[in-house]
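Take a look at these structures.
Look at the two complexes coming up: chain A is in both, with chain B in one and chain C in the other.
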Partner chain A sequence: MDINLIEFQFFLKLSEKLTAFTSFQLQGTGVAEAYYSTVKNVVGVTIFQELIDTFNKIQTDSDDETSLDKEIRHRILSNSKLGPVARNIIKMWFVGTWYQLPNYWLEKYGVSNSDSTFVVSENAYKEGLLWPTIGAHPMGAKAPGYGTWEDPPKIPTV
Partner chain B sequence: MTLREINDVEDLYEYLYAAIQLEHATIPPYITSMYTMKPNSNLEAYNVIRVIVVEEMLHLTLAANVLNAIGGAPNLIKEGFVPEFPTYLPNGEEDFEVNIESFSPKTIDNFLMIERPAREYQDGHVPKQFTSFKNTSRKRILPTYISAEGEEKHFYSIGEFYAFIGEGLTKLSLKLGEEEFFKGDPERQITPEYYYSGGGEIIPVTNLESALEAIRLISEQGEGFEGAIYDNEGELSHYYRFEQIKLGRYYLAGDTAGNPKGKELTIDWDAVYNIKTNPKMEDYPEESELYEANVKFNTYYKNFLAKINDAFNGNPQNLIPAIGEMFVLKNMAYELIHNPIPGKEGVYGAPTFEVDKVPEISKV
Partner chain C sequence: MSNDHSKITYTIDHSTASQKVYDVVIVGSGISGSILANEIAKEGFSVLIVEAGPGKDLSLTGYEKLLNTFYTAVTKDNNAPYKSNPNAPMPRSPKVQKARLGHPNTDNYMVQNGPFVTDTSYSRVVGGTTMHWEAKTPRMLPEDFKMRTLFDKGLDWPITYRELQPYYRMAEKEIGVSGNVESQEFKHLDPITKEFSETSLYADNYVYPMHQMPPSYLDKCVAKDINGTTLELDGDKKELKVRSFPQGRNGIPNVEYRKYNNGEVYRPVAAVSSHQAEIGERCQGNNNCTPICPVQAKYDARKTLAKALRTGRVDLLPQTIASKVVVNPENGRVTSIEYKNYKDVNSSEYESGVLKGKIFILAANAIENARLMLASGLKSTSNLMGKNFMDHPYLLCWGLLPENTGTFRGTICTSGISDIRSGHFRRKQAAFAVDIHNDGWGWATGSPYTNLLDIVDNKNKYGTALRKELVSQVSRQLLLAFMVEMLPETSNKISVNPQYRDRLGNMRPVVSFHVPDYSMEGVAYGRELSKQLFQRLGAEDYSIYDPLDYGYVNYNGSGYAIRGGNHIAGTHIMGTSERNSVVNFKQRSWDYDNLFLIGAGSMPTIGTSNTTLTMAAMCFLSAEEVIKDLKKITSKTEIASPIYNSISG
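Our next item is the complex of A and B:
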């Protein structure tokens, strides 16, 4: 899928708010584009666009971080259509897996047959934000070097 | 630095400093090219380069062992130790540059220049040591050498440079007596217990025999044994490893130079992040996260070199924890390379390796 650059930037901005990681860190994983394509592909262009537009409008309407935060909870996370999608984006960033959307959502809004639970890409697992969040590394990938298990975990500031 | 004929121990210290600097200077270009490959692409090429990089690290450590054995002190924290890219290796003349750039056919050509065997070898002749200095305009990747007559000359290949060091070691060992010459504290040697899976076996250096063995290993891994594409241990030398990427095919035992007959090596030259070539701190907007992350990388790298240096200067047990830091650096590099430079769509960042421009974060 081609990347619409402006839309991709909005996706990154929204992801920043949803994950508390910066856009630099998110892009640093190398899987941001794959996640963008995954959401767009599974929920369909219309709902994806609605999510981006809603977020965009919230940004325009909000005067400060507190109201932005509140509005995201109110108008995205509590919204029956956009909420499950947003929560899926959070889960995808943290563990690299796209979880099948809830049944009620699928019955009402589902458009794609590609909605199932799947690991987004080979890299998604090891790039999960879960690992830096807990100061660990993905087992079996991103080896931190012989003997480093002796050191205490280094939890980076987010 | 200008090198002279090896007449005393101090001369050899300079040569071995240059050797350590030379081995290190190949690493930023090699690893950057690997890290610019997009995730899960070009795995074969990645592994070909990786083997070479790990051997450069072994060579660096071997050179440090030789220097320690003759009473010298490796110095990886001296200003200018890490070259500013583009550079000559380690500080040669004006017509050959080594770059930090994205993985591309041009980059591989650049790496082939670094590892190029002496022309005599290519013609099928084995040069008699030191007869192959030339007043030449051929790509100079090695230090200038001033002969006893004051004539400026250039090393023809990395192998020759090491052969010259080997000759110097032999000469001084004879002149001063082996025991007196190899007077370095054996406790300063990096021995196999501190060095794991790193491109071959580490050789502790305590006498002329082990010193020459270390030098031999470095040269042969680099450019093969007596003109053959494989070294004495049956391993393909660096030049031919890189050539596999250029030619898109693996070498098999028994193949001759330029005619690999192994299986195909698949390369996707487009699955690459296009980074700014030879990036500098000022290429990144000062307020950007990219800028900050690069400063952080440079600081971390500087500190990492200080830790390696500490391990090479009497604390070999500190090498293992220092090596763990390489993995942190790798992840930091990936993060930089995956981010576009703000305002320059399609051009990505990369670590700049400007360690002399950042303060050290902590004392070892």
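Our next item is the complex of A and C:
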């Protein structure tokens, strides 16, 4: 995949907003492309494009963070078609799992048979953003070393 | 991590194995089977281990496949690293459903008659259930062996703590225990004087092979408020103290241990591999002891099995289910074991045959041993086969601490409260040990996944607010797990029913189970104690027990969700005669002289100790007996059986 694809760049921008991790950090996981492909495959190109376009318009329309937040809520998160997809993108970034979309969504918008709950890949599990968020590491990977658990946790501030 | 391409391959195919007469045939490659195989093979005897699970090799590459299966498993339960195998199915906790009155629950491998439905599980893979154990290794207490005499409850063992003590040491060496003897020196009863004892549980200034796992930051925060809590229980005054638990995982060797190791410092056993592997020497804090340690710092039975295989006298026959124990009715001796060898996990095709030996050892676990004996339709003079089934009921209590103590760091559990493991109160209610969990509310609520879903789907947060809320919900989590004693009752049992079979036609275990009032009295007391402790800690109590929970038990007007302990025991208890027990204290069957039933199934009581260490100690004792038998047989026949010549040393 060409990572300079404009659509992929917008996916990263949207992910930055949804996760509060920088594009640099998101790309550093090495699984950004896998997530991009997963969403596209499961929800289909049309809905994915609509999500990206909507976010793009919101960015252009918003003057500051407050209005951006409001527009994300009004036009994406509360939208019955786009909201569940956006929430799934958040969950995927945080734990590497694609969660099956809600039944009502599948009945109305579902296009793919591949929508089930699954872990995107071994690396997706290990790169879940939840773990660094809480100053920990994914259970069973990236171990911090003998005895490190004696010290207070180092939880990054946001 | 390095990869190896060579493999330890000591597996044998079933047609070759069935041509031989082994000195010993062992069913099960878990800790019991592996210890026995190793001890017996060291003495020059030949051993066949029959294993239901698949197991081509014991390589690092093979182990990494298990890890990857775990990483990509949606539900990370105890058996998540192991692929579903309909030919040797195993209980999976996420599949457990609430009992419907009058209907046995048949969906899962274990058929559950109720009334209590257990989510206890075990693994049918090479290495057995040590492939998912947490590796906590406390010894049982002297009073645990004398429950009937001291408390008029349960049963006495036909052996005392002091008699088992040397074998405990062997087990602690084999497993490689990291621990601190002082932390285990809480007040305990002397079974003779019936008063609290001043003598050490360990004797001779004993130390563990390795220093204790460092207590977690969470342990230390909890200890600040909990140490010094006083309570009175049935006349006994207690003062609580957070103490570290001994664990079967690699830490820093204790030089003092030389005295107990022929002058040598204990050398931790690294990852199982055919070549020098540079992993597995010391715990790195993966917080994943259950189910699988990525660096093999945690002991699992393959470490012992690998030694046994290297003797050159042990054959491993995987993908083979022991389906029947065959007895010669004339002399009451076991002549062979019938088996079903399947070609592939994905196919129900199998071939059957018989395996021959001089001595037979069932070491498949408490449920599978009983299942096999009952499915074989063999007489049991005591009529106790499968009865007195036990497992530690767990009560989970969870709260949020006032400060961030950090979750998901360190081993799953480093410390807990042991003071209520002993005392005169045991004539009225169950004793318990309390674990402080370093993995947050995971066991109780599915945290941190459930927190994430809640914050995104219900709290409607994203971005910075989501991250702050995650820290707030997860990093202050405290879970106390009360591991409660359970006593033997004949109505708690494993049975078989020809109506219920697995894909290969083997009868499945049928569990009839209720949590006795004695245990529930301990559960209720534990719950009240948890409230006191949360008060002292200034913690918010979030424990909630849903009446729709499959493990929900109502007791004296309050409800509790009980979890299984994976400490299955007691289905072929040991005793003093063929009328009151299935085996003697050496785990020899009373009914069949050349048959040993090995494992926690032989335990008449389980106290408040995770069963594996005691089970391992009992194996060393039994190994001596088996070897004695074999030496007798060999001296009678003068020449060793011809298979010695066919096995390279």
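Going forward, the second predicted complex is superposed on the first by the 153 of 158 C-alpha atoms of A that agree within 3 Å, B and C clash if a C-alpha of one lies under 4 Å from a C-alpha of the other, contacts with A are read in each partner's own complex, and residues count from 1 in each chain.
The rule we apply is simple: a contact is a pair of C-beta atoms (placed from the backbone, for glycine too) under 8 Å apart; a residue touches a chain by one contact, two chains touch by 3 or more.
Owing to the predicted nature of the structure, the values given are computational and were not obtained by experimental measurement.
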| item | value |
| --- | --- |
| First, second, both or neither for A:25, with chain B first and chain C second | first |
| Partner chain in contact with A:90 - chain B first, chain C second, else both or neither | second |
| First (chain B), second (chain C), both or neither touched by A:122 | both |
| First, second, both or neither for A:17, with chain B first and chain C second | second |
| Per-residue contact with chain A, leading partner among chain C and chain B | C |
| Which of chain B and chain C A:77 touches, first, second, both or neither | second |
| Partner chain in contact with A:140 - chain B first, chain C second, else both or neither | second |
| Chain B versus chain C as contact partner of A:5, first or second or both or neither | first |
| Contact residues common to both interfaces of chain A (with chain B and with chain C) | 121-122, 143-148, 150-151 |
| Parts of chain A lying in touch with chain B, wherever the complex brings them together | 5, 22-25, 27-32, 121-123, 142-148, 150-151 |
| Residue ranges of chain B touching chain A (in the complex, touch as defined) | 38-40, 196, 288-290, 293, 320-321, 323-328, 331, 334-336, 338-340, 345 |
| Parts of chain C lying in touch with chain A, wherever the complex brings them together | 67-68, 70-74, 76, 214-217, 220, 251, 282-288, 292, 294-295, 404-411, 414, 438-439, 448-449, 452-453, 456-457, 460, 462-464, 466-468, 470-471, 474-475 |
| Chain A - residues contacting chain C, complex | 17-20, 72-73, 77, 86-87, 90-91, 94-95, 97, 99, 117-119, 121-122, 125-126, 130-131, 133-137, 139-141, 143-153, 155, 158 |
